[in-house]
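The data blocks that follow each hold one structure.
Each of the next two complexes has chain A plus one other chain: chain B in the first, chain C in the second.
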Partner chain A sequence: MLNNMLSRDLPRSKLLAAILLIIIVGLLATPFVFPGARSLNVGAKIAVFIVLAASYDLMLGYTGIVSFAHTMFFGIGAYGIGIASTQMGPTWTAVAAGTLAALILSTVLALGISLFSLRVRAIFFAMITLAVAAAFMTMASQFSDWTGGEDGLNFKVPELISPAFSLSDEKFLGANLDGKLIAYYMVVLISGGLFLLMLRIVNSPFGRVLMAIRDNDFRSEAIGYRNVTYRSLSSVLAAVFATLAGVLYALWLRYNGPGTTLSFDIMIDVLLIVVIGGMGTLYGAVVGSTLFNIAQGYLQDLLKLAQGNIDSLPVIGALFHPDRWLFWLGLLFVLSVYFFPFGIVGKLRAGALAKTRRSA
Partner chain B sequence: MSMSAAIAPAKVEDLPAAPRDWLPILLVPILILLALPLVGSFPTWATLTIAGLAMGLIIFLVASGLTLVFGLMDVMNFGHGIFVALGAFVGVTTISMLGGWTASSSFALNLAAIGCAGLAAAVVAGTVGIAFERVMVRPVYGLHLKQILVTMGGMIVAEQVILALWGPEARPMMRPASLQGSFIFGDVAIEKFRLLAVCLGLAIFAAMFLLLNRTKLGLLIRAGVQDREMVEALGYRVRFLFIGVFAAGSALAGLGGTMFGLYQELVTTAIGAQMMVLIFIVIIIGGLGSVGGCFVGALLVGLASNYIGFVAPKVNLFSSILLMVLILLWRPQGLFPVAKR
Partner chain C sequence: MNSSVQPLLALDGVHTHIGPYHILHGVDLAVAKGGITMLLGRNGAGKTTTLRTVMGLWHASAGTIRFDGNDISEFATPDVARLDIAYVPENMGIFSDLTVRENLFLAARKGPLDAARLDWIFGFMPALKTFWLQRAGLLSGGQKQMLSIARAMVEPRRLLLVDEPSKGLAPAIIQNLIVAFGALRDEGVTILLVEQNFNFASKLGDTVAVMDNGRVVHAGTMAALVADPELQARLLGLSLDSHQ
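This part shows the complex of A and B:
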């Protein structure tokens, strides 16, 4: 059954399987083991970013095209919920309407961009997505009547998943049984479902064609697959999953603004997650997103510690400033593109493979 | 008899002149004229046109290097914006060090201050460009995906270094005393600095045009863009040419950064990423690898964003994208498609 659920794409490394198991159990147990708002937030963010990063990997790792507009779709999903909830009130109808509208907009935009740019040359795609995403972001802050501009939108969600809702007054294992808990499990479980669906997609015949295009586009075209069609479909699918991730994130935060979902910083975060976790392996998104979100919370503390010791050196000291943590992640990013093109997951799998070969 | 006549080599005068493609160049005056009824008043239109030309020429300074680098070695440098930011910050520092020159009302001293700032920016950006080529770009030749990722990563790292060196605050960038304010011709007010930017941009474009079309070096560069392997087969090392072009492109981007900082009178680290968007649109419009196309594209984008920014500020950035979409629908490979690519 597990084999079917994972679409016969098993971790293929004992260490990786153990890490994934720890992450899954950790996410499910967070509300009871580490009660508190901060750890719940980190857990939900990890779950959402797993979907976001995995959907990006669908394009980057499996199809070999680079998009810089992925957070645009993430933002469309989040704004869909935000705008629908402020205009129609906190009902499930509003959630459904917002999600549907966001999905339609994302599909149309992704299809338009892909057909327009992938038709000519794949490198156009990277450049054009960068431009479109920048334009979209300025537009989102311009139309402030709808989007709340730079301040963003605070909105209410349906009662069942709002913090005011309460299942019982008593605590269970130290956690409040309230709407926040239900929302947390909704986010984590739906994220898990979406992840398994993506795993199914990349291991289908369709996914194989994507990988063929990635490895040798000339040859796949010669065999008879239309590269443009497959590449466009891949980018539309990625956009759809990113939109759903945005929907989940907005429902969890009950807030959305340009800085939380649309900004280019998030795009860079996703790039870092996918590359460091491992391109072309969806499990990389799980490992990368967990690592990244924990690091985001705690690397800064570590840097603060380090800065205390070398504050006297002029430039080096400035680089250890807690605000410069992106410098270290960027360095890690460049190094991993050079030396570990398949990231942590690729490294673990290669290690496991070498071990079985030695023993065989 | 007739045989030998046919074999005799054709004289240079006998060859038909290479056909010139004037249509894309005409787009610039057409756009300028079309904007007149759209904007409505003549003085505003004149001001906007000069502003658009100035902005377009600054964009051209930055974009020309990038398009040549792509043409020569098929390398798309997503970190090009970092040279713009670097140039802008070096420019700010130089100009603030030359406080005496910029404060004086002598035009020559003011110009010298800007010249020094531009030169310093170009030298620093060019040097960093060589290092960037060596460390970031060289290991990933021929791998498009990795190029995009690595140069993007390089941009993240370099941006953080700039933040560490200059601090996170936005720096105001004062224009020198005699370049503040405007010339007034009747109703038309034209900012002095914009006029200077137009002159400088045109001068550099002319120099580049002469270098590319009238020297052997330029011939080799143009030939390399058309067909790298053939130039290599003839015994020239396109790699060395490429390093030179990369350094020159970075230096020009640094100069463009200083000019753009003065144009906006404000310098932030976001200046690089902000400009990158426009640069990409410009070189796609022009046709990847084409300097002439880049020039026309830069003017179009500069003008369109100033006109639309006045008429409908909310959709400003989309105007450039709309322009790109229209042009690609007309010519899918850009205004001046480079052969083979």
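This part shows the complex of A and C:
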């Protein structure tokens, strides 16, 4: 059954399987093992970014298309929920309407960009996505009556998943049994479902055609596949999944603004997650997202701990100052790209392959 | 050749430009239904460009290309392929990140892989069976060439365009190729084969066309060309000497 759930695309490395298992168990146990708003936030963000990065990998890793508009679709999903909730009130109907409207807008935009620019060179597609994303960002801050401009939108979500809702006054293993907990599990479980769906897509015959196009695009045409059709479908699917990630993120944060979902900083984060995790393997998105978000969330604390012990040393003490956390994050990325050019998952799989070869 | 019978593939005054270069200068070529036609000529004569122009990978700047009577000059590559024309390029062009199985699976567009037909292909190319679930990028050069040809054999095609299949292959494998192409011909597939190796060409070809400077300069039966060393020397010159 597990084999079927993973679409027969198993981790193919014991270490990778163990890491994935730890991540899954960790995400599911977070509310009880690490109670507190901060750890829940990091957990939910990891789950949402797994979907976001995996959907980007659908395009970048599996089809070989570079797009800079991925966060635009992420933002469309989040704004869909934000705008629908402020206009219609905190009901499930608003959530459904916002999701549906966002999905339609994303599909139309993705299809339009693809058909307009994927016929020609890949670089042209990248430039068009950059232009469209920049235009969308400006629009989001200009139509402030709807979007809240640069301040963004604070909105209420349906009662079941809002912090005010309470299942019981008692605490269970140190966690409040409230709407926030329900929201957390909703985000994690739906993200897991979306991930498995993407795994199914890349391992279907359709996914294999995408990889064939990435490998050798003129050969796939000469066999009779219309590359434009397949590339467009891939970019539409990626947009749809990114939109759903945006929906989940907005429901979790109960806030959305340009800096939260639309900014190019997030685009770069997603690119880093995919590259560090391993392009062309969806599991890379899981590992990359976890590593990245934990580093972003906790590196500063780690440095604070370290500094307590080496405060007295002159140069090193300054280097490990908590304010230098961005420096360490950057160093971490440079090193991981240097040592794992095919990403962490690529490295682990290659290692496992070499091991079976040796023993055979 | 009976002139009242319509050829399966007919090029009529085809010119092709690649960037600033004028490569084909009015190619006239008729490939009759059934049998193997050899396209010979020295390097740079325009043989590969002719095949690529038929596939729509380059577009003819003048002239017409007819397949079974229909003008396909303006067709996009996938549409040409969907007429059941298969192309085996010189550089193999396999999908190296996919397995051998997946490479063949993608080539079988009409339905699932046919087990009996696969066994038939494995008969000529046992290596493909051995490495069935391996990544195609790990195969040797000869095995990649085999896979590339197998991909064109996996379903019955009407026309097969093959670019220098014997290049860089060991003699024993070339022998397998001769048998494989013979079996395809017996199945009713029409084959247009570009070749530099005259030994290989003379064993397989029914008819022959020789190109030079972007034109077809000779067309006739292979038997007549084999029987006439003088004509061989005039048409093929150096390429004949260097390959025997």
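Quick note on the criterion: the second predicted complex is superposed on the first by the 318 of 360 C-alpha atoms of A that agree within 3 Å, B and C clash if a C-alpha of one lies under 4 Å from a C-alpha of the other, contacts with A are read in each partner's own complex, and residues count from 1 in each chain.
What we mean here is this: a residue touches a chain if its C-beta (ideal position, glycine included) is under 8 Å from a C-beta of that chain, and two chains touch if they have at least 3 such contacts.
Fair warning: this is a prediction, and the values are worked out from it, not measured in the lab.
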- Query: Which partner does A:337 contact after superposing on A: first (chain B), second (chain C), both, neither?
  - Reply: first
- Of chain B and chain C, which one touches more of chain A's residues? B
- May I ask you to decide whether A:271 touches chain B, chain C, both, or neither, giving the answer as first, second, both or neither? first
- Message: Let me test your reading of the model: by the given contact rule, A:142 touches which partner, first (chain B), second (chain C), both or neither?
- Response: first
- First (chain B), second (chain C), both or neither touched by A:219: second
- First (chain B), second (chain C), both or neither: which does A:209 touch? second
- Message: Give me the intersection of chain A's contacts with chain B and its contacts with chain C, in residue numbers.
- Response: none
- Enumerate the contact residues on chain A facing chain C in the complex. 205, 208-209, 211-212, 214-216, 218-227, 280
- For chain C, which residues count as touching chain A in their complex? 55, 57, 76-78, 81-82, 86-87, 89, 93-98, 102, 105-107, 109, 151
- Query: How about chain B: which of its residues touch chain A in the complex?
  - Reply: 76, 78, 136, 139-140, 144-146, 148-150, 152-154, 156-157, 160-161, 163-165, 168, 273, 276-277, 280-281, 283-284, 288, 314-318, 320-321, 324-325, 328, 332-333
- In the complex formed with chain B, which residues of chain A make contact? 60, 64, 66, 116, 119-120, 122-124, 126-128, 130-132, 134-135, 138-139, 142-143, 264, 268, 271, 275, 315, 318-319, 321, 323-324, 326-327, 329-331, 333-334, 337-338, 341
